[in-house]
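First chain written, first letter: the chains are A, B, C and D, and each begins at residue 1.
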């Protein structure tokens, strides 16, 4: 039985993680921390089947756990990560702080000097489909961002097969509102979000570009949009392959995912929609050949931003780290 | 041309009023005030076809207007109302402050002593279908609450015709989220409101009960619920009429609305739904005989909470006060 | 390992059942039938993690299963039920056909003579909280309707404790659109359902009244409404208890659910909302004393109409019938 | 007073047109036809403030009208158009049948030989911002498609100014469900549309590409998506301008819309969202410079698909054709 601690249990990722853990027969939640809700119970914050006391992070007993999940805001997670590692506890960090290998990239995209650059060398980017072996032995896993997960999984096979004729890629992504978190803002007020749709931080401004480029080696123009749904990301990706590349060859490249439990490629002629993935740990992919002669293709990728894009992937990483069956707690 | 001033233009009722006024060919907005947004333009706050400068209330020129609409929070409106009346300007107040004739009722339901009890005698409850003549001559019109409008219009004909065998009434109402206003709170956060539904302040606790009872003379058990839509109220009302009262007699009582432009009674066998009224100034009614023998009937009433339940009714009141055609600016 | 057959896998209840069964470690789906989709695979009809061949009902091998779930339309299920029972297979029927003990009630509410009245004596109404012992030994379990589950669970403790001063009850229920099924109709067309809200079949006309009255002995005025969400039912129930009945006594009556895994009573002062139950097999209850002197109370009850109101309850029944832990496959 | 006839009043475009016409003080609806609903009244089909008898198309009195709007399915409209023109009545056709100048394009994209090629020479593409003078004198106006309106208005100024360095354009569009019409299909069933999001007919397959290319001279890769809202289209458009083209120069090109009442360009740094346009006849544009050095820009364009994308534009065309103020009936 893996003994688990959770830092930051009352945000959407913390809560989703707890919901998943309750179905996981070989893991047990030892503590869950909260800031303003410390002293309350989880059921006071979220309507839920399960219940847990919420404690102050100071009271967390690291000696009693094998692994901690840090669901804290980026920029604030380093002290917790360090303390946990020093206590011999393995860490899965859901913030952005340990995802970029080069501290200069962190500085550039997040606007601050990195809070703990000495940890970067040992941190592993927690995308099991790309880095499973390294994750197995990692002490610190940096869980990928929501958008990057759906985009990197879509592009990786083409890069790996040397099929990208143009390293410039246009990624047009659409995400549910839960991606903006649970903090209050006019942006997430029902009256300003419901029955509308908008683009934000488009072009070269969204921080998640850094992860996409690090893991694919491509240059990405990225346009995120806000959907009036709670969960899910659909990315429409425009690529140029060598002129004449036919669809069979492209599909062959995706054979790399043949044995992956959480990546699905739909048959030719079908495209995934949000509900193919929402509520599951799947990333579902579709390939559309626009024009074989000129090598233009469109990829469509969907995932649940809180599951494969956050807490489900974190749990998948835990399963890998502790040698458990990778799908444990994630079959739904 | 009626010259109009608006206090509090950046809440949902203020904005809805401005949208309606732009289609009204005999009214002209002279000023619109805002607090935190003073100095900006309306287009900076709301996406809209029209645009207006937003000024501080202190800068409003009362000498330039014939009527002001006060779209301010209850408890804060009295000084503005007084200043306007003293300047010879007629007032339509959309807050709750002048709706209850008895200051003791205000004390009981709102928890404070009334801020200007001397004005209550001259204030007219602005439901044109009940008080049109008084509104015509009023200097101060207290625009009704959103829930009370839909409920009073449904019950009034039965009370007037002496058909209420039991003065206890159960009102089960469901309202869109715009009723909770534009202020930030977890209650109106997209993630906590979307795809859910809840009851709140049920039984004898919601303040709107006071208006319903004042205008109907009945005792009301009132259960408001929050719908995951932006606009609209549907009230399901359970009444007991004298045993044996048949449906034709009941429908006859609603003949009182025969010439009303904004109240519709659907034919027997049909019930109104939210979209019959949303976007219009209509209150649409349906009558369902549950059991003629025991006199049990259900009434269903719908309206747009921001139009007939607030700003549309305010404009209707303005039309009445200034002798204009009552439907001006409200035909859609 | 319980071997399971499913008749009617491509409606919403069939699909929800399959999603739940894939997490159930002691059950295994042996066959799933469909009518128009026979020959396809489940993944062609529904986006999903799992996949199954869909066969014609004629090809179902009853010798290979221990239990079948019938997710067929009411009025059509009898031949399948009979054939299964004759083959020695236990049956959980999700249609309405075996819920009413008296065939005259079936005739009255469903408008047809009962298709297999000889089976009614042995059928057990599958609400485990009321009939667990009988379910344990039943060969044919009639799974309750969605509305009745939420209403009967709310009223049962008061009836059992003799606390109903008035046997007339008003039930104002609101249900998500999935309750209307997956067949095409203008009523479930996005443009006619989205952003609206309506009452239907109110008063004494909805067939589910029959179950409510059979199980509680009360007379029910029932007003169902259609919410613009996919899943969930919230019922607001108005009752009269003996004058002076205080809240502590009422709460004591609900102690009957103390050890029930799937019924929750919220603490005084709190009311359940839809999302407390959606996605789970819970029925969550709240009690609001309107006026102790006159004995007026309001009950609020929520459930997921496809889980506790249909497929989750069916699985709970299976667990009871086969002596398994009752929560198996239902902990989320 | 312009006398108006409407063919096909009970689809979403017909109904939206009627709602707009009721606010238009210089137009009067003389007849409205329907197929299956002929003999009923409009209020039986749609909840609405207005009411009209619905007649069979055969009974329409063309002698009594100045103009007809044809809201019929493409491929079926030609006989009605011909009969109207022969009766001396001007025609605004909302179908796709007269939008493409070259009958070979019609054959290619719609799969049939054109039903009335002899009318194409005199038909005018009804986008007033591009073809106002021709519309003024036209007898037959082909009202543009919903997607093309938002896309052509966004691209036209760049084409006109000679600023397109690459004639290949990627258009990623997202539309509300009303674009799929009111006919029943699983695609528009609430349970399959709500809380999801999907791409369809992407690449080079959607018929609206033909209009976009005819009016801009560009080659378009077009990816439409289905949003879970009722109304509105947002298009995200990726273009390449000459290297080094700075934003001021680009904005200058959009000066062509300076006096247009229904096209708005937002200030630099702001992007339009769906609700900027829904409920209005506006097309609102935003320009985002991704990288001036390489000339990469993103355009964002929003409109209400049923208003500027259909019925509002049709009414704007009528105003132009009859020399009325162009904004009449469209100010909201």
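Keep in mind that, in the parts below, contacts are C-beta pairs under 8 Å (C-beta built on N, C-alpha and C of every residue); 3 or more make two chains touch, one makes a residue touch a chain.
It should be emphasised that the depicted structure is a prediction, and the values quoted were computed from it without experimental measurement.
Colleague: Please indicate which chain is farthest from subunit C, where distance is taken between mean Cα coordinates of the chains.
Modeller: D
Colleague: Check A-D against B-D and say which one is joined by more contacting C-beta pairs.
Modeller: Higher contact count goes to A-D.
Colleague: How many Å are there between the centre of subunit B and the centre of subunit D, using C-alpha atoms for each centre?
Modeller: 37
Colleague: Return the distance between the CA-based centres of subunit C and subunit D, expressed in whole Å.
Modeller: 47
Colleague: What is the distance in Å between the mean C-alpha positions of subunit A and subunit D?
Modeller: Each chain reduced to its C-alpha mean, subunit A and subunit D end up 39 Å apart.
Colleague: Check each residue of subunit D and list the ones that touch at least two other chains.
Modeller: Residues 195, 228-230, 272-273, 275.
Colleague: Across the complex, what residues on subunit A touch subunit C?
Modeller: Going through subunit A, the ones touching subunit C are 19, 22-23, 47, 49, 195, 272-273, 275-277, 280, 282, 284, 331-332.
Colleague: Would you mind writing out the residues of subunit C in touch with subunit D in their complex?
Modeller: 12, 177-178, 182, 184-186, 188-191, 193-195, 228-230
Colleague: Inside the complex, what are the residues of subunit D that reach subunit A?
Modeller: Touching subunit A from subunit D are residues 170, 172, 174, 195-200, 202-204, 221, 223, 225, 227-230, 232, 234, 236, 238, 271-275, 278, 288-291, 296, 298, 300.
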